[in-house]
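What follows is a group of structures, each given as structure tokens.
Look at the two complexes coming up: subunit A is in both, with subunit B in one and subunit C in the other.
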Partner chain A sequence: MDEEDSVGANKCPVCGSDPRTHPGLRFKINTKCYHRICEGCVDRHFSSGKAECPVGGCHVSLWKREWRTQTFEDLKIEREVEIRRRVTKILDRREEEFETKRDYDDFLELREELVMNLVFRTDVAATNRKLKEYAQANGIKTDPTDGPEPGAKAPRRKDMAPDAADQSGLIKGLKRIVIPEAKAPYDPFMGMPRTREYYEVKESYITRVRGKPAEAMLAGGYDFAQYMDESLLRAFAGLGVFIEDEMSARDNTAIPVPGPT
Partner chain B sequence: MKFFIDDLPVLFPYPRIYPEQYAYMCDLKRTLDAGGHCVLEMPSGTGKTVSLLSLIVAYQQHYPEHRKLIYCSRTMSEIEKALAELKALMKYRSDQLGHVEDFRGLGLTSRKNLCLHPSVKREKSGAVVDARCRALTAGFVKEKKERGEDVDVCIYHDNLDLLEPHNLVPPGVFTLDGLLRYGEDHKQCPYFSARRMMSFCNVIIYSYHYLLDPKIAERVSKELSKDCIVVFDEAHNIDNVCIESLSIDLTEDSLRKATRGANNLERKIEEMKASDEEKLQNEYQKLVEGLREADEARAEDAFMSNPTLPDDLLKEAVPGNIRRAEHFVAFLKRFIEYLKTRMKVLYVIQETPPSFLSHLKELTFIERKPLRFCAERLTSLVRTLELTNIEDYQPLQEVATFATLIATYETGFLLILEPFETEQATVPNPILHFACLDASIAIKPVFERFSSVIITSGTISPLEMYPKMLNFNTVLQESYPMSLTRRSFLPMIVTRGSDQQSITSGFQSRSDPGVVRNYGALLFEFAKLTPDGIVVFFPSYLYMEMIISMWQGMGILDQIWTYKLILVETPDAQETSLALETYRTACENGKGAILLCVARGKVSEGIDFDHHFGRTVLCMGAPFQYTESRILKARLEFLRENYRIKEQDFLSFDAMRHAAQCLGRVLRGKDDYGIMVLADRRFQKKRNQLPRWIAEEIHEGQTGLSTDAAVGMAKKFLRSIAQPLVPGQKAPDGSTKGKDSWDLKELENFQREQRSNRGEGDFGRQDAYAHDYLHRETNAGSTLLHNGSRGDVNTADEFDEDIADEEFLIAERMQIELVG
Partner chain C sequence: MIEDDVYRASSQYRYWSYTKESLARIRQNTNDLASERVRAAFHRAHTAHPAHSSNSHNAVSAGDADADAMEIDVDVDVETLTVDEELKIVEWGCSKIMEMGEAMNPRIPSHIVATAIQYLRRFYLTNSPMTYHPKQIMTCALYLATKADHFYISLAKFVAELANLSEDDVKAPEFLLLQGLRFTLDVRHPMKGLAGGHIEMNVMADEGRLGDISKATGSAKRIGTAADHAKRLLATAAQMTDAYFLYTPSQIWLAAMMVADRELVQIYLHNKLSELSSNEATTSLQQKLMSTISACASLLESYRSPKDDASQRKEIKRIGKKLTVCQNPEKMDIVAVARAKAAEKRGGKDSDVGKALKKRKLERDMMDKDGDVFGPDLRNVPGSGED
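What follows is the complex of A and B.
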């Protein structure tokens, strides 16, 4: 990449055209081999499907859609950002997820370390393996084209506690995952029994009266079954109330609950 | 003379004192007693510096706290002048008291002015001197030397280590020259002597930047104690200084250099890794621990806070992803690349910091937090790598500061990208302005840290504008009128030419030949009648060039030529100083000369035209700023939204302070006299924004003049000033009022009178209307004048309607070239 920067800075390595001779010349790059060729060459070589990168000595095969315009002037940075995008997608943790700030910083450094490994092509295999393991352990989907050895199964670590936030053991200092207790659905009656003790609205009551419900019965927008229920409740609800009992019960227990009576 | 203000004995090194000086001292003392900030305006040439120094020194010596004085001025010559003044004062004090007080006063200026090293001092550029000095004097250089390595050192600097650290120079006051001489005699470095002695000084005199520029303040001024008295002299431009100190401009070139710097850093890190891994590891360990050290120091209140290093930052450790040196360099490179991509855009962009940050994160995964640590991290890295050629990393430093600032402040800053230099240009030359809009950010640490900050100048009207803009509270704001035995200057507002056409430098009519001819005629008439020098101020270089070439075409210059020599200021500093020198020679020779200069140029700010060097000053056009500038527009909007200062108010305030500054150039003392002409119809309504001492002298008859009327008045004035002064111009009742200076007895009389009028001491002054040292008639006159002028504005309103409209449009499109 260095010679590209200095010598033929603005020349297409395939057709040799130059913005000076071809005004309006635009270049495209891909994120696999980071070769930079002009738009015309991309069209020519890739219009009929997958093909090899036309730059001499490069045998990476590419689709046309993998060519895009470059964001940064420096291709090294372009590549770094691309790698960073991939790594960040996998190692995506926020500060709140860590026990201490120090742990978070360590995590940041680790991530940086991995990115740099990939950028400078040191330990690429090991780094990729780590990422892979982590991704699989945490159920993160990675781009299938990224992995060098797709299909490699990451064994689940036996020594990890089952509630550790990171099952692969790559990131340390994460807070334990606390599974919140399942909450019961909201109960508007605050635990009051809703079974009818003294009566039951039977189908026969309804069918018996069906056909001629008085208009007044349906005036409140009830359907007849509801009306029936309501009337029965009003008739019998008071039967279960024993004021004496409730008062004595309240006097005995309600001292700590001085709520409104 | 020695007198008392309340219980404070003041020794004043002159036998006579001006009444305004006395009033100024009283108010100063009140401020110091109350412990707060103040804004004081004192006419130029009435001995502001000496009264300030003599009161504060008296205050220091009399009260047991011995509060330190930090006196900040603008230019080298002003610093030198203040030091000389202080030296004379201390000599007088020791003569009077009979013993030499234990007192130190030192001035500090750049290394370039204070260097003694035989080869380094020959360097022309200040940056080179700094860099070479650092290479010879840095701490690790000395360590190397001790280890027996062969390195160059500065003998002057190393000699300092042989002396007692608190006694590098003997007590007393040293002017900059004196310090140089002392350094030469004793073979010690004057710059470092001054810097290291700063905490032992009673008075420190240096430039604003040492206190306001965060980069410098961090190194030089942070150890100053809390109870220091801080004085900003000539502070009428202080808001601009504050803003400039936090604004950063990045160009493609500087980014290229920054990249180069980053690459160099990378290489250095590699080298160090190979040779001296341990050091990097140490640094790493320290960063893991956090910037706690600095935090502790700040907690103890030892240092002043720094706008580029906010407090909360110190409490945290450096984020993990920039902890390692190589990661940090990659981080910087990524940031610079991002900036480069932004530069490629071909249309103007204005962006707030949050929007910039979110885009940055999207593209490069740089988060806000590490960005905030950028400047600090770079400093630490540079220190670890023991880099000597720091000037190579200047652009990188700038980028890092930029990163820190943009990540720290959400408001008060704006990012403006201008891809083209001018509207017409087709070749892009992008500049990324990171403009600070809020002057209070830079000065905030100063107000927070020091209990008394005094802002003073000859022209700082309207006073209430400054506390608003800089966001502080004052205990006192005061403007002092000038006490004169007779009218020694004649301010006039000329609104029409001899042909009754109104004259203005407003945009619509500025190239109107009629206006230009009228300006020419005005200059010609004054060239005829003025003895010695004339100084003419234009709103901008562009306008000046245009008008001069038109005058040439009309033959006006040829007419003037027969009376005066004509000299012109240019943006180039050397040409200008040559022009000035010629101008002075011409004035000495009797014929006199005309100096054409620009209201925001160098001449208008730092150069005095006392006595025959300036008898007439002409302001041709109101010096409004170039309002099409995006930075100015953004700032105006900011001021409106945050400080409730209307755009128009600020623009006219800014124009008038520059006009006042120009006018003040010619009157440099009470024995001086001169004519001041404001030639623009827009001055008519703005005259109450002039400093009080000028505004009160503009009587009703001196406004709205035509050229011939002004010429007539000027002639009359010059004739009257030519008469000898009648002795004993005292008020008939024998009181001391109305005199322009007092001896001791008169001063005591005045004090007695004041006491008897208003009860005991200074508290009586609070209800004091105006300054009672003025002649009663003058006071009465001035109130009349105010009433009169108010009435006049009402009647003139309909006439001025088009002016108001025009002001609303602010059609001032001339580029203001700021002289750096």
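What follows is the complex of A and C.
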């Protein structure tokens, strides 16, 4: 590769600007057709919205935001990295999620195969379909610019078990999803009911207490209803507890004797 | 019933409720153990100091070996208190607590005095008066009750109200007492229940739900007198008997009401329970409840205050004398006992002073070995250029 060729390859294919004549010229690429044009051309063609790629013979329609600066010098590598990034974002599984090491290895192979299919453009449509199905089944958004599709519900395949981790059936050997048991809301009374059976604090009781309050009850914030409730609870708590019967059932004499040592 | 489960959750039910038989068994057991220990203690005291007799009732003047040997035999036969005598002594302690509560300024409310009394009674289930005399424990029980039941008096003030008492005397047995109480300070009293029941009876009478007893027949006065009588009973008879161990507070206050006015309680309970639900379970519950409450009522009625009974006073005096003889000599000084216990807990057999001395010695040894922590004196350093 001589000097002339590399410089010629460095020209903008649209306006023909050359970095030698235009110092500070910057190029941009897109990840759909991987054509490389200068920043000025991007501004000119795409400032009014979606447009076709200006390179001759290319009819890919693009937005301005899809043009970005190149990371790698070799566009092939740029493309492969881009594909890898997209595929790994969709097929994102860790080793712990698989039943066995073998399953994980199979998964890695599958991913590599899909990547290479896309890189070498073999079976592109089938590969893309697989990825899309998988993404939909697992609720992964492929394009961050796309909003959630209206009514988009992960399609359920009839032959898949409902607790299978991958509903699309692309990845095999994943562990089953175990839905954790829902915890009951915390009950500070530990299941003890808060109703009363022996009594009910009626308004007539409260007015009676209010009639002749003790000194302490005159303090601000004193709750007569609460006082009545407490008194009645004390009056009836244990009314039906017959210690003679209940204690002979459980031997209460076996108490630790803390006597003098 | 839900309320019953509330009571079943209390420590009073879980730890301090007994049948008559188990109560007697525990007391007998405590008495046996304590008697054994008292004998062992006397024996030890005697073998440690053969020259002077710690047992004064057995007058031995000479210190010769034969007499000693004989005395040991006698000592082992120290006459210890019986269970009934112990109980009498504890009751004497309870009445003293009551007197203390009344003598205090400000006067200690009766429910706090009652708590203190229950502490004392619970303590003497597993401890014998022969080991710790009630007069050592009772002040502490009262002071602990004021703390536990939100009637805090500062210790200095508490001590100032009582004659011949130092702060240490009150403080020393505190942990011992707590241990004897198994660290359960909650006492469920029937007094508050009586207040609630009084109001409910009044309301039921006003609404004509108590049969013959209604507003027209002077229900308020009748219920009021009964409640007053019951309140007095709860403050005295319920405290001086085993009612708290044998019955639940709600049964106790109903029993106290029953002593005051039997018919009233019968009508009240009948109407109350039939209002709740009228099936066979309720009728059987009612019968059982009536018999239980009657039993409790007769227990409360059977109590006679020693104040109006000269023979009881005499009996107490006799037991008191007997107790001075068979008191465990090793536990006489409660302050020293408590201090020894605390020291033991802190560091094995070493006392604090011994430990501190040991530590200082160790430090000195280290100093001798290593020299100063900042190194040797400067003039010893060669070539420091001082000359």
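Throughout what follows, the second predicted complex is superposed on the first by the 163 of 261 C-alpha atoms of A that agree within 3 Å, B and C clash if a C-alpha of one lies under 4 Å from a C-alpha of the other, contacts with A are read in each partner's own complex, and residues count from 1 in each chain.
Assume contacts are C-beta pairs under 8 Å (C-beta built on N, C-alpha and C of every residue); 3 or more make two chains touch, one makes a residue touch a chain.
Just so we're clear, the structure is a prediction, and the values are computed from it rather than from any experiment.
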item: Partner chain in contact with A:E73 - subunit B first, subunit C second, else both or neither; value: first
item: Partner chain(s) touched by A:M247 [first = subunit B, second = subunit C, both, neither]; value: second
item: Contacts of A:C15 with subunit B and subunit C, given as first, second, both or neither; value: neither
item: First, second, both or neither for A:M116, with subunit B first and subunit C second; value: first
item: Which of subunit B and subunit C A:Y205 touches, first, second, both or neither; value: second
item: Subunit B versus subunit C as contact partner of A:D105, first or second or both or neither; value: first
item: First (subunit B), second (subunit C), both or neither touched by A:C33; value: neither
item: Which superposed partner A:F236 touches (first subunit B, second subunit C, both, neither); value: second
item: In the superposition, subunit B vs subunit C on subunit A residues touched; value: C
item: Touching partner for A:R84 - first (subunit B), second (subunit C), both, neither; value: first
item: Overlapping contact positions on subunit A, where the subunit C interface meets the subunit B interface; value: none
item: Residue ranges of subunit A touching subunit B (in the complex, touch as defined); value: 71-74, 77, 80-81, 84-85, 88, 101-102, 104-113, 116, 119
item: Residue ranges of subunit A touching subunit C (in the complex, touch as defined); value: 192-193, 195-199, 202, 204-205, 208-209, 228, 230-244, 246-248, 251-253, 255-260
item: Subunit A partner contacts - residues on subunit C that touch it in the complex; value: 1-9, 13, 15, 17-22, 25-26, 29-30, 33-34, 37, 126-128, 131-132, 179-180, 182, 188-190, 192-197, 199-200, 202-203, 206-207, 246-251, 253-254, 276, 285, 288-289, 292, 328, 331
item: Subunit A-facing residues of subunit B, complex; value: 288, 316-321, 323-324, 326-327, 330, 333-334, 337-338, 340-341, 363-365
